[in-house]
Structure formats: structure tokens, C-alpha cells
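In the two assemblies presented below, subunit A is common to both, partnered first by subunit B and then by subunit C.
Here is the complex of A and B:
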């Protein structure tokens, strides 16, 4: 079963949330942001090249023009490979754990996996971020020494930063699975 | 006088008691407000302003309003925290400049404060303390955003020296277009009205309060064989430590069965130590050093007479606390002190060694003849005077009044600034107000209000916490009823 819904991120950009229900104990949430638009790419390239051309007319050194080309190319590569995240996925499997995958625009993927017996809870928290106060979803990890303590807070959907309505959707589904997991782990 | 002020007599005794469940629902009849308290001073910093904000917020939440507090980060305490009853506190990462007060540029705090005001749907900004730069910043931004503003002044100022001339000028600018101002005593109101050149009609007097359950008398703790005079204050010039050093040898010479207990720390402690050395009073004058607020009561109940030698005071909390512990109070007649307690509970003197000694001798003779009222009866009288619930009720009236007023539109605000604050300052701040407005328009363009998520209420009429709380309480009550059946 697959559902698709569109939401906004905290800056007003659009996001798409895909929910895949593989089985009652396994769900995946996929937040994808729109790909790099041709318009912004052209705008950035044009400003860099115009600035370079301005410098070129001032000091008449053609090195500047070729440097500008290299800078835009390298900048674009770096941006696509290290900065721009197109898709973030949260896969939660009842008896196994939580896997977070972020795929970069270049196709690179980085994955984190958290075992279920380390997960204490999933909550929505508030934080001051830049000049904003935002809500974010995070996974609380159990402290191995002290069973009631929290050793670490892992934020989810770090680059997409969806708004509260989207977070609540994901939160509810995750809580259902966590409750299911707790019920099955204590019953036998 | 404050304790005879209009609202006191209208209060039935039950209103001063802890709100019962039925009282909880009857309070919803008035309209509720979304209030944002702004001050640089809040817990974990300790002091009068901090506890004032906390207690007032708690009582306002109890009355069904939504309250949030905005302050600056203290060490690693930053971000958002919840206190009792879902009181939300924002610790903003702003730089502290001097004495726990943040640096101000009038602009840099606008993005964050605007974001908070919008997401919490704040309708009234209530700033505290004239020493707090953040409070003034918030007032400035709130007026730019068209929100209602209230300011509480907690201190008295002079007029003569350079620093007070400057701060008074800034206060004039900050308060000239504020909707309402609250002072803690009539003396403080007079002072603020003069300093900021205000219309006295928009200044209300709402005194501070004490928690009477913290300050209960304990007559068995004090020895009856000797008389003890207690002094609890910071040992600084303003609190009249020099007067105290003149009083101690004189009275100790006259009454061999008289002891002093002095709590507090400060630069003038050395004077008291000198006096103790010179007159060989080590066994009769005890210097306790700095006291924590929770220890104050244990010191107070050891004495018979409380002495306050302040040279200036807006509203003296210490004498109310002492009277609440059942001590006879002797104090100087300065600032707002004469308004605080009725004449039969306090002996007022001029701020001189001679007059204070006479006052103390009067108290001692009363004590020896046994004509002083019993501590328990003093406590019962005093505990009805200053309660936080009463303060919250009166503050609520101010909010109701302010909510009905219109906020000055930009052009009238500029007119007011220019006409009210003198030619140079007026034009400078009018220009800054225009810049602030342009900055706000820019911020609204970058992140429109519709993009900002509305925060989930913890307190207030639709509060997530208070609802569950009242629900479970109601259920608990039902259980109780069914049990008694």
C-alpha cells in the first residue's frame, strides 16, 4: 500500500511524503524535496559569470573567466554530492529497528541504523534553529547504564525540515508501531 | 496606601484561599489573553523580579490565561523548557553584556521575537524591569508589530547623576507609547511618572506579594531570656548598613540582654566587623553571611524585632516577610515603605541613628511589657495583605483594559516619539522605529506568518496540559464522591 501527500517545509518550499505500508509491523516514510530547479541553477551561474566578466573588464586577465567556469562546475558538483539531499527515508520495522537513509542529488546515499532495543521513544521536540523556532522529530536512545535515562537524541528529516502537520502524521504511525512492538515484546 | 487600596476590601476571604475546583471554572467567564512575559531576569538567576514573574505567571495560568516567558540563555540552559503547569520558557541565545542584561542593538532580536510572538499567537507583551535591555527591545518590536504592551517597573531611580539621566531618557522613549505601566508602590509610581514624563492615568499600582505559607511564625525557636534583633539585607550603602553600625554599639551598651543576628553579604560587611571588634561584641552580634532565600525564614523566626535600615526602597519585601513571621518591624520611612504595612505592625523612623534607636527602644519596651501582639495573630493579619492571586487578579484587570485599547498606528507613533522625547532623541528613535518597521516587512516577506507553525498550547484555555489536568482532577473528584457514598 502506498500513499502520497504533499506538505510544506519550514521555509515554505514543497515536500512530498510517501508512506509505504509493507505489513502492520513495517512502514517506510519517504520525504522528497523538489530536485534542483533549472531556474535557480541558471540564476547562480549567471551571477557568478557576470561578476567574473565585470572583474575581467576591470583587470583584463582572461584567467578570471576560466576560473569562474571551474568554480561553477566544481561548486555544482560539490553541492550535488555533499549538500543537496533529494530524499530522506525513515524505515521502521517492529522487531528490528529504525533505518534512516538520505540520498543526495548525485545518487550518493548515507544510511544509519538503530536497533530497536536501543530506541527508547520517538518524540516531536521544539528547538531554536537559526532565527526560527521549529518542531522536529527525533529518536531518543536508551542509556545503556541507566535504563530510564536518555543517552542521545537523533534528529530525523534533518535536511527536509517539514512542518508540524507532516511530523504529526509520521509521529502517529511510528507510535503505532512502537506500541505494537511493546505489546508483542512483553506478552510472551 | 497599598493595603487599603480599592480592590482589597472587595475581596472575600475565600478568594485569597487556594482556588477550589469550582473557582477554577468560574474564572473562565472573563476573556482570556495570550500573554508573553519578557525579561532578562528569570530563573536560574535568583531575585525579586524572577520570583515575581514566575508566581504571577502561575496564578495567571490558574485563571485560564496562556502565559509564556521569554528570557536569555543562562549558560547551557538554552532552548525551550517547560515548568510547572505547562509554563513555557524560551531561553534565547542572545549575548549577555553586563549584569545578566543582554546587549541591545534594537534590531537583532526582532527575527526571533517576531517568530515567537507569531507562533504563540501572543496578544499582550508584558515586560519586566527597567534594567533589562531585552524587555525594552521586546516592547519596541511589539509596538512595531501592533501588539498591546504592558511594562512593570520594579525599582526606584535617582534623577541627579549622569547614568540616571541617560537611563531616564531611554525609559521615556521606551514608555511613551506603551499602553500601560505597572508599578509596585505609589512611591514607585510617582518616581516612574516623573522619570519617564508619563500620563499618570496609564500607570497602575500593584504591589508585590509574598507566599505566606513560606513565612510562618515559630515562637518556640526564639529564646525568651534574651531579646534578638534580626537584620536581613544585602550589606550595601543603599540598604543603610552605615546606620546599622551606629545603632549596634549604642543599643548593646544600653540593654545587656540584647542580641543581633545579621544575615546578608556585601561590601559594607567590613564596617560591621570593625564595630564588633571595637566594642567586643562577638558573642552578641552574629554575622551569618549570604543567605539563601529558603533559609531566610529560619533566621527570621529566631528574633523578636526586625530592623530595616534601607535608604531607598520601591517596595520592601523583607519587612512583609518579617511581619509574616510574626516579628515586630522597625523601619526607616523612605520610598514606598510607609505604604506596605499598617501602622500597628510597623514602627517608622527617620533614616538617622538617633531616630532608629528611639524606634527600637519603643519596640523593646513594648516587648518587655508584653504589649506586642502574638506572632500568630500578626501572621494571620499579614497573610491576607499580599497574595499572588490578588496580584494576578489586578494584573488581569490591567490586561482587560489594555486589550480594549488601540495600538498606535505607525504615523501616530512617530508623532508621539518626536513630540514627547525631545527634538534630538525623538528624531533618532523615530528613524529607528521606521527601520524596525522596514526590517519587519522584510522578515514578513522572507517568512510569511502563514508559514510559521502555531505552537501547541501547554497552558491556557485550550491548553494540552491543563485540559488533561482538569479532566483527571474531575475524575479523581468523582471517584472520591463515589467512595464517600
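Here is the complex of A and C:
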């Protein structure tokens, strides 16, 4: 079963939330942000090249022009490979764990898997970000020493930064699975 | 709780049979290790399992049945498989079934002991894993695994670490392939043939005697180094100042670690040994390359010929600098008498230095030739020697710096205590604090007079100090760069990085799951893959300890020392004498 819904992120950009229900115990949420727009790419490239051309007219050294081309290419590759995240997915599997995957624009994927017995809860937190207050979803991890303490807070959807309405959708589904997990693990 | 069945991907096309594996009750997961094929004698299967259990301390049992329908469904087989549950009793009894021409499997878990009326079938989730990768991979950070003597793994090795541990410990089950004429036919990752390499086996056989011989030679060497002749007064002091000695000592330690006849106890130690071996090999290879480059085409002679003019040139530039300082540098008006005294003193020093270099000049080529030979011990030794040579050739700069710094330091201390006197205070040595104090009139007069003299002489000394400190810092920076290169070669874990590059599954940061194609009504199928460790964490986890500790000077403390005229050293000193 697959549903698609569009939301806004905190800056007003559009996001698409895909929900896939594989089975009652396994759900996946995919947040995709729009791909790199041609307009901004063109603007940045033109600015760099115009600046390089300005320098070229000053010093009359053609090395500057070739360096500018190389810098734009390398910068674009680095941006696509290390910075631009196209899709962030949260896969929650009952009694197994929670997996967070971020796919970069170049196709690189980085995955983190948290086992269910380390997860204490999933909550929505408030944070001050630049000059505004934003909400974010985060996973609370249990402290291995002290059972009621929290050892770490892992934020989810760090690059997409969706708004509260989208977070609530994800939060409700996750809580259903967590509640089911707690109910079955306490009375096996 | 959802029942999880971990199933090896290599058994997906196996014939029907029994599922052998371990049941982890805390997580209600069943780790399938192998499939036992028909026909078998139940007693023999139980014997085999008992043997494996004794060898690996893992509670291996028959978990259920596996049915792979290649032809039309046979009516008898289903009932037969159900009947097997009576012979090999297990709770719950798994029934995995793969239909012909279908990728979706059916899976049932039957609880026999549940009272009637309660639905006896649990939800089941199938997790496929690659047995070879899981067996060979090593989880990071290493989970606190129980001792092998402690019997079955307790609940502390939680979650997926238990799965990894189970697969890693039941190697005894995977030792037979299908060409063996054993009583029981198994299907697992090595069932097509045991994976081994002739070269590796030969190397293992040869490694024992070779290590014994080399460690004997190394112990002879270290015994020679510990001889009393080397304990006489000036030698240990000089050795502690020369980075070459430190590097040679470090190299000896590395070699004795690699060739020690003790077996590595855990994978971390094994990895460390391999890393050290590879780094030593690379170092020696680079050193030999340098050696061949140096000794080809008479490059040593050219270097020696170039060295003397360079030293002369440096001395000449220094003389010019001193003459500039003795005049009116940058239009500053200095105290003429002090300026002349200091300048002549330093000029005399340079004169001494130049005569020393010229005395040395006939021997320089010979010295360089022998230094070049040291490169066969490794590039790091050669680089350390280079750093020492730079230190020796710039000894005059060091001397100037020390004189300047001492003078400046004295002035700073004198000024600070006289400034206290100026304000009617003094430093109380007993209480380690500044107390107020009432001075006599003549005390105050003399103090103020001295303060004024020191203040007016300060710019001249400060200028000399500044110039020579800058020169000293330049030398220290060059030496620091060389030390950084040596440390890089010494501490880079090349074997781990290569392993991460070629066999990413060997160093695992964890696992990742992929949801496979799904159909309603059938159990969920997941594919478990190894999540490789990022390179930064590989380097951080396996970094080798570098030789000697670099002085841990933070930038602020460096600036403080420079301002107060305390001496700075590039020398590596154990224990950090200058901190």
C-alpha cells in the first residue's frame, strides 16, 4: 500500500511524503525534496564564470578561466555527492529496529540502523533554529546503564526539515508500531 | 512479538529438509544456520548437533522443516514434515515452504503448548542474510561478547550482535561440504566446497619458524642496545634529543610486535599486527626507492656540493640582517650602545659557525653517503635523520634564539617585579600571592630608576628577540612538518583501509535492511546487508600509536610562552617536560 502527500518544509519549499505500509509491523516513510533546480545551477555557474572573466581582464592570465571551469565542476560534484540530500527514508520494523537512510543526489546512500531494544521512544521536539522555533522528530535511545535515562537523541529528517503537520503523520504511525511492540513484549 | 526467522541466502535453492539453527527466546528470533537434507537418520542428526554444540557452545537445535517444491505438490510430504516435529521437538516449530515458480514463501510457526482457543500461529518475518559476510564481518564497536566458556550467550549480547555471534561461533557446522561422505548431508555457504587458499595455508605453516628466528634476532639486537656502554652519561641524553634514535627504537618495538611468537588473542590485536606489518613494509619500500634515487647518477655528490654554498648563503644573509639591526632597522631608534654590543656578539657567533662548516666540508659527502644508506631501514628513519641534520645545521639560529630569549625573559621578569614595586606591592613566595608592602623612600627611588632603565632598553632586546624568534619558528615549522610526515607513515592503518576498500563487509558498522517484494497474506521478507564502516571511523579505530608524544602545546600557551620569552622546543619529549 502506498500513499503520497505533499507538505511544506520550514522554509516554504515543497516536500513529498510517501508512506508505504508493507505489513502491520513494517512501515516506511520517504521524504523527497525537489531536485537541484536548473535555475540556481545556472545562476551560480554564471556568477563564478563572470567573476573569473573579470579577473582575466585584469591580469590577462588564461589560467584563471580554466581554474574557474575546474572549480565549478569539482564544486558541483562535491555538492551532489556530499551535500545535496534528495531523499530521506525512515523504515520502522516492529521488534527489529528503526532504519534511517539518506540518499544523496549522486546516488550515495548512508544508512543508520537502531535496534529496537535500544529505542526508548519517538518524540517531537522543539528547537530554536536561527531566528525561529522549529519542530523535529527524534528518536530517544535508552541508556544501557540506567534503564530510565536517555543516552542520546537522534534527530530524524535532518536535511528535509518538514513542518509540524507532516511530522505528526509520521509520529502517529510510529507510535502505533511502538505501542504494539510494547504490548507484545510485556505480555509474551 | 513478531517471530523473526533469519535465513541464509545460500540455502534458498536447497532441497527440502530440516532447518538447523539457534533459537533466541529473548527476541523470539530463529537463526537458521543450515539445512539437513533427506534422507537422514534422526539419531545421527542429533549426534551431529550435540558435537557442534560442544565445539561452539551455541545451542544448536532443529528448528523446523524446509520444503522446496520443485515438482507438483505431493500430498504425503506435507504430512511427513508435520510428523517430524514429533521426533525433533522444538517450541515453536517452524514450517518454511517455497512454492514452485513463486518468489513468495509461506511460513508458519506452530506453538504446540498453547491451550486450545488461542490462535497458535504467530506473525512471522523472514530476514535473509548472507552467511559468508555475516560470518567474516566484525561488528564495531565490538559488543561485549560473553566468554566462550560461559556457555550459551546470555541476553546481554543483545539484538543483532547475537545473530552475528551465533553464526561466527558455529564454524564447526560449516566444515563439511557435500563431497564428504558424512552421515548427514548439510547445505550451507561452504557446501559447494570449503573455502581455503593454498598460499594462505603455506604462509601459515612458514610463519611460525620465521617468526621464531626473527624474534630471536630482534632480542639479540635489543640486548645489545641495553648493554652498559650505552648507559654512560652523555649518550642517553643525546639519544633522547635526536629524533632518529626515537624512530629507530619505535621501529624495533614495531618489529618485535609483528614477529612476536604469541598468537593474537582477539581480532583487534590481529588487525593491529597486520597494520604494523604493512606500514613497516611500505616504509621500507619507500626508503629503498629513495635509496636507489639517491645513489643513482651521483646525486649525493651534487647534494654535498650544493649544501656548503647554501649554509654560506644562510650565514651571509644572517650577517646582513644583523648589520641592518645594528643600524636603524625600519627607522626605529634603538639604544646605540646595547645594539652594538648585541650585534657584535652575534656576528662573532656567525663567524665561528662559518669556520665550523668549512672545517666539516671535506667530510660532508661521506656523511651524506652513510645517511643515504640509512634509508634502507625505512623512509621514516631517513626523514628523521634529515630533521636532525637540519637541527644541527641551524644550530647558530638556535643559539641566537636562546640568547635573545634569555635576555628578554630576564627583562620581562625584572619589569614585572619592579612594576609591582611601583604600585607598592610585592610577591609573597610563601603564600604564592601578591601582598601589599610599604617600601622605604630609597628602595622606591632605586626601583623606579631601574624600572625606567629597563623600559628604555626593552625595545632593543625585544627587536633582537623578535627577529630570532621568527627565524627559530621557521626552523621549528620545517621540523614539525617532517615529524608530521613520519607520524603519518607510522600511524596510518593501511591494512584496515585496504580491507575496507576491497572487502567492505569485513568491517561492519552495523546492518541495513531492504524490504523485498511483498504480497498480501505472505510473510514480510527483508534482506539484511552489512553496513560498512566509514573510512574516518576505520582510521580512528585502528590508528597505530605514533612514536613519541608530540608536545601538546596549544596555540594560546605557545603565544604566552613567546610573549614571556620562555624557550620552545620541537623535540619530542616523553612526559612533556615543557608543559
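Note that the second predicted complex is superposed on the first by the 188 of 188 C-alpha atoms of A that agree within 3 Å, B and C clash if a C-alpha of one lies under 4 Å from a C-alpha of the other, contacts with A are read in each partner's own complex, and residues count from 1 in each chain.
Simple rule for what comes next: a contact is a pair of C-beta atoms (placed from the backbone, for glycine too) under 8 Å apart; a residue touches a chain by one contact, two chains touch by 3 or more.
Since we're looking at a predicted model, the values are computed, not measured.
With subunit A as the common reference, subunit B sits beside subunit C without any clash.
When both complexes are overlaid on chain A, the residue A:61 reaches neither subunit B nor subunit C.
If you count the residues of subunit A touched by subunit B and by subunit C, you find the higher number for C.
Contacts of A:23 after superposition: subunit C is touched, whereas subunit B is not reached.
In the superposed model, the angle subtended at the C-alpha centre of subunit A by the C-alpha centres of subunit B and subunit C comes to 100 degrees, rounded to the nearest 10. Contact with neither subunit B nor subunit C is seen for A:5 once the two complexes are overlaid on the shared chain.
By the touch criterion defined above, A:151 lies against neither subunit B nor subunit C after alignment on the C-alpha atoms of chain A. Using the contact criterion defined above for the overlaid structures, shared-chain residue A:131 touches subunit B, although it does not reach subunit C. By the touch criterion defined above, A:94 reaches subunit C but does not reach subunit B.
Of the two partner chains placed by superposition, only subunit C is touched by A:111; subunit B is not. Legend: residue contacts after superposition of the two complexes on their common chain; A:47 is shown touching neither subunit B nor subunit C. Of all Cα pairs linking subunit B with subunit C in the superposition, the shortest spans 18 Å.
Touched by subunit B in one complex and by subunit C in the other is not one residue of subunit A.
Residue ranges on subunit A touching subunit C, taken from their complex, read 20, 22-26, 28, 91, 93-97, 99, 101, 111-113, 115-118, 181, 184-185, 188.
On subunit C, the positions that touch subunit A within their shared complex are 1-2, 4, 27-28, 123, 125, 127, 158-160, 510-513, 515, 518, 524, 526, 531. Looking at the complex, you find that subunit B touches subunit A at residues 78-80, 90, 92-93, 111-112, 115-116, 119, 447-448, 451, 453, 455.
Those residues of subunit A lying in contact with subunit B across their complex are 8, 10-12, 126-128, 131-135, 163-164.
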